[in-house]
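Order of writing sets the chain letters: A, B, C, D, E and F. Residues in each chain are counted from 1.
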Amino acid sequence: MFSLTVRDHMMIAHSFNGEIFGPAQDLHGATYVVDVTFEREALDGDDLIVDIGLASKVLSEVIAEFNMKNLDDLEVFAGRNTTTEFMAATVFDRMAAAIHQGRLGETGKGLCAMKVTLGESHIAWASYHGNL
Amino acid sequence: MFSLTVRDHMMIAHSFNGEIFGPAQDLHGATYVVDVTFEREALDGDDLIVDIGLASKVLSEVIAEFNMKNLDDLEVFAGRNTTTEFMAATVFDRMAAAIHQGRLGETGKGLCAMKVTLGESHIAWASYHGNL
Amino acid sequence: MFSLTVRDHMMIAHSFNGEIFGPAQDLHGATYVVDVTFEREALDGDDLIVDIGLASKVLSEVIAEFNMKNLDDLEVFAGRNTTTEFMAATVFDRMAAAIHQGRLGETGKGLCAMKVTLGESHIAWASYHGNL
Amino acid sequence: MFSLTVRDHMMIAHSFNGEIFGPAQDLHGATYVVDVTFEREALDGDDLIVDIGLASKVLSEVIAEFNMKNLDDLEVFAGRNTTTEFMAATVFDRMAAAIHQGRLGETGKGLCAMKVTLGESHIAWASYHGNL
Amino acid sequence: MFSLTVRDHMMIAHSFNGEIFGPAQDLHGATYVVDVTFEREALDGDDLIVDIGLASKVLSEVIAEFNMKNLDDLEVFAGRNTTTEFMAATVFDRMAAAIHQGRLGETGKGLCAMKVTLGESHIAWASYHGNL
Amino acid sequence: MFSLTVRDHMMIAHSFNGEIFGPAQDLHGATYVVDVTFEREALDGDDLIVDIGLASKVLSEVIAEFNMKNLDDLEVFAGRNTTTEFMAATVFDRMAAAIHQGRLGETGKGLCAMKVTLGESHIAWASYHGNL
């Protein structure tokens, strides 16, 4: 199995609901270093997993929905806690939709799985890994 | 599949038995940067994989058994080589026991797998990955 | 010259005033990985620059003023932009005050300079370096 | 499942064929930070996954075929694009052959899978993961 | 003293002249992770060292002269060895010229010094530090 | 000012004397990631700060005195605490002596200063910086 990862980041504000979150119930924020790993079983005719330039461009477009925002203000997240793990799955869903729309080109259609990892600090990160 | 990783570290002395270890047969030591990855199939009602504060606290308690110790002096390791890979499995076993005892709370009971990685230097690390 | 660095982090929300900030004028946030470097010309009688346990504890106490907060709500920052570089100087000031109060112990009094670096992402960080 | 990773690097020149590569069609180069992960189901009698000294030595020998070279000049790559993902699979193949030849010793024969990751920058890396 | 660092990278081919270089006399290549540190004594009226967006844009423009190139083909380097340390000074010179031309805006004119670091691998990097 | 850094590591056991060390008074150990930074004002005739191959070889030889050892057993450290900062200065002294003996070649004689940093974990490191 082949895989290729590209890295970008986003800077967001948010707060959490629930006693389990302690002081994180207050409005605070995070830098998420976003790693997206694209998986496929064989290389394409150019010896590529995916067009890395296109992959980076689409990732940048996807996270623009969240970057420099207060996630508490986004209707799409109403009733949810925008935890690191939840946001990893959210970025996964957006990237998967982009791939299915053909935004990663022909080669993107050969991808079989993807993993999104969000690093919230030097000591904690979360991932969502799924099939495409 | 969702996963969440927390990082801590421990500083230990030890020596190895067996010609294959060369100069590492003498008493020396290591800093192990310890990454524990918790896996579960769906988020809980708080949009969490596990309570990250609780996970960090339990990890710290688990590695306190080894931190600032000479592993050669611990009876539990008699007859074994406390290699990086062996210690990864050991931390896994201790963390798994803690989860089964409920020390990671109700959410901890929904975890399905775990991976423990011990980094011994900038150029070498070892992991143990298993089901819970 | 000797130096010792300890690392911690804080997660904050904030917004900026001024056209130069573009989309960062909106409420967003950051994880700041905080590195504090303590400098002294000679080691103390224990062969130490500073008590590392005490240094880590005081750093944690200092950044608790900001961690899990919306910096826009803190009166002490009224009229200022809490940029990464501004916050580096702020942490410097708090740590310097702690040292002068003796919170780093006797050894802390022998420190001659300090540098505070705040990492805001994998591609940007800012520092303040000054004498004590 | 146990795994052990060792890291080395190689510095190569190359160019790519195909419009998809844009400016990378011109002769340029890369530092590849090479991580090889060895997997096995149980530790051997010495509590090892593999002899780490031997693993590092064989990896160094394997990448010597490419290090400090212009990959465009190597006949073995004629008609292929030596992308990061392609080179990850190439290093995998060379390491797998070395293992099957017994160059990682008796313990090497117990390995069941391997993953090779080539880091091309702080924001991109590619892997090949396969059974042995 | 305040400082702010931004990171980018470039991928180049080159060869060296002189026996001291051994196998690096052959055509090979490198990824250079480029860190540019801007220094100033006091923050500007926006609480900034420099406009980070502008700094990143200018850095990207400066390294475009070298990125995806064979440095041996650039006339400007005739008779020189484009070592990591030499290229650090070269990027410094280009960035300094850009600052003096006002390409970092009004705030850029308040900078007093700069440091350029080029990382060539996980185990080697070189810098040039100078006044502006 | 130019600088070049090379990285290596050593794995040692030791214990400390003095109440300030708490549990570190017991025998434990550390991996020290060792960064040595060589400084000079101008490049030599080959556009080098120092011969990087020679620098790495001499560093490896210097730390062989400590690597895979219990520092408590070395007479040269009798009566001292082999703290991270103390060991940084010790490696500095050994490297400085090697340079003065000509072990870094002719180019090594043009070096004006050096900095040695020992990383003991992902959250703590210490340095010694001095003239040559």
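The rule is simple: a contact is a pair of C-beta atoms (placed from the backbone, for glycine too) under 8 Å apart; a residue touches a chain by one contact, two chains touch by 3 or more.
In this text the structure is predicted, and so the values were computed from the model without any measurement.
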| item | value |
| --- | --- |
| Mutual neighbours - chains that touch chain A and chain F alike | B, C |
| Listed chain pair A-C, C-F or B-D that repeats interface D-E [over half of contact pairs the same by residue number] | A-C |
| Remotest chain, chain A as reference, centres from CA atoms | F |
| Copy pair chain A, chain C: interface residue numbering same or different (half cut) | same |
| Distance from chain D to chain A - Cα centre to Cα centre, in angstrom | 27 |
| Interchain centroid distance [CA atoms averaged], chain C/chain D, Å | 41 |
| Overlap residues in chain C, where contacts from two or more other chains coincide | 7, 122-123 |
| Contact footprint of chain E on chain D as seen in their complex | 7, 9, 11-14, 23-24, 26-31, 33, 67-70, 73, 120-123 |
| Sites on chain C touched by chain F in the complex | 1-8, 43, 46-49, 51-53, 56 |
| Contact footprint of chain E on chain C as seen in their complex | 16, 18, 20-22, 80-86, 88-89, 122-130 |
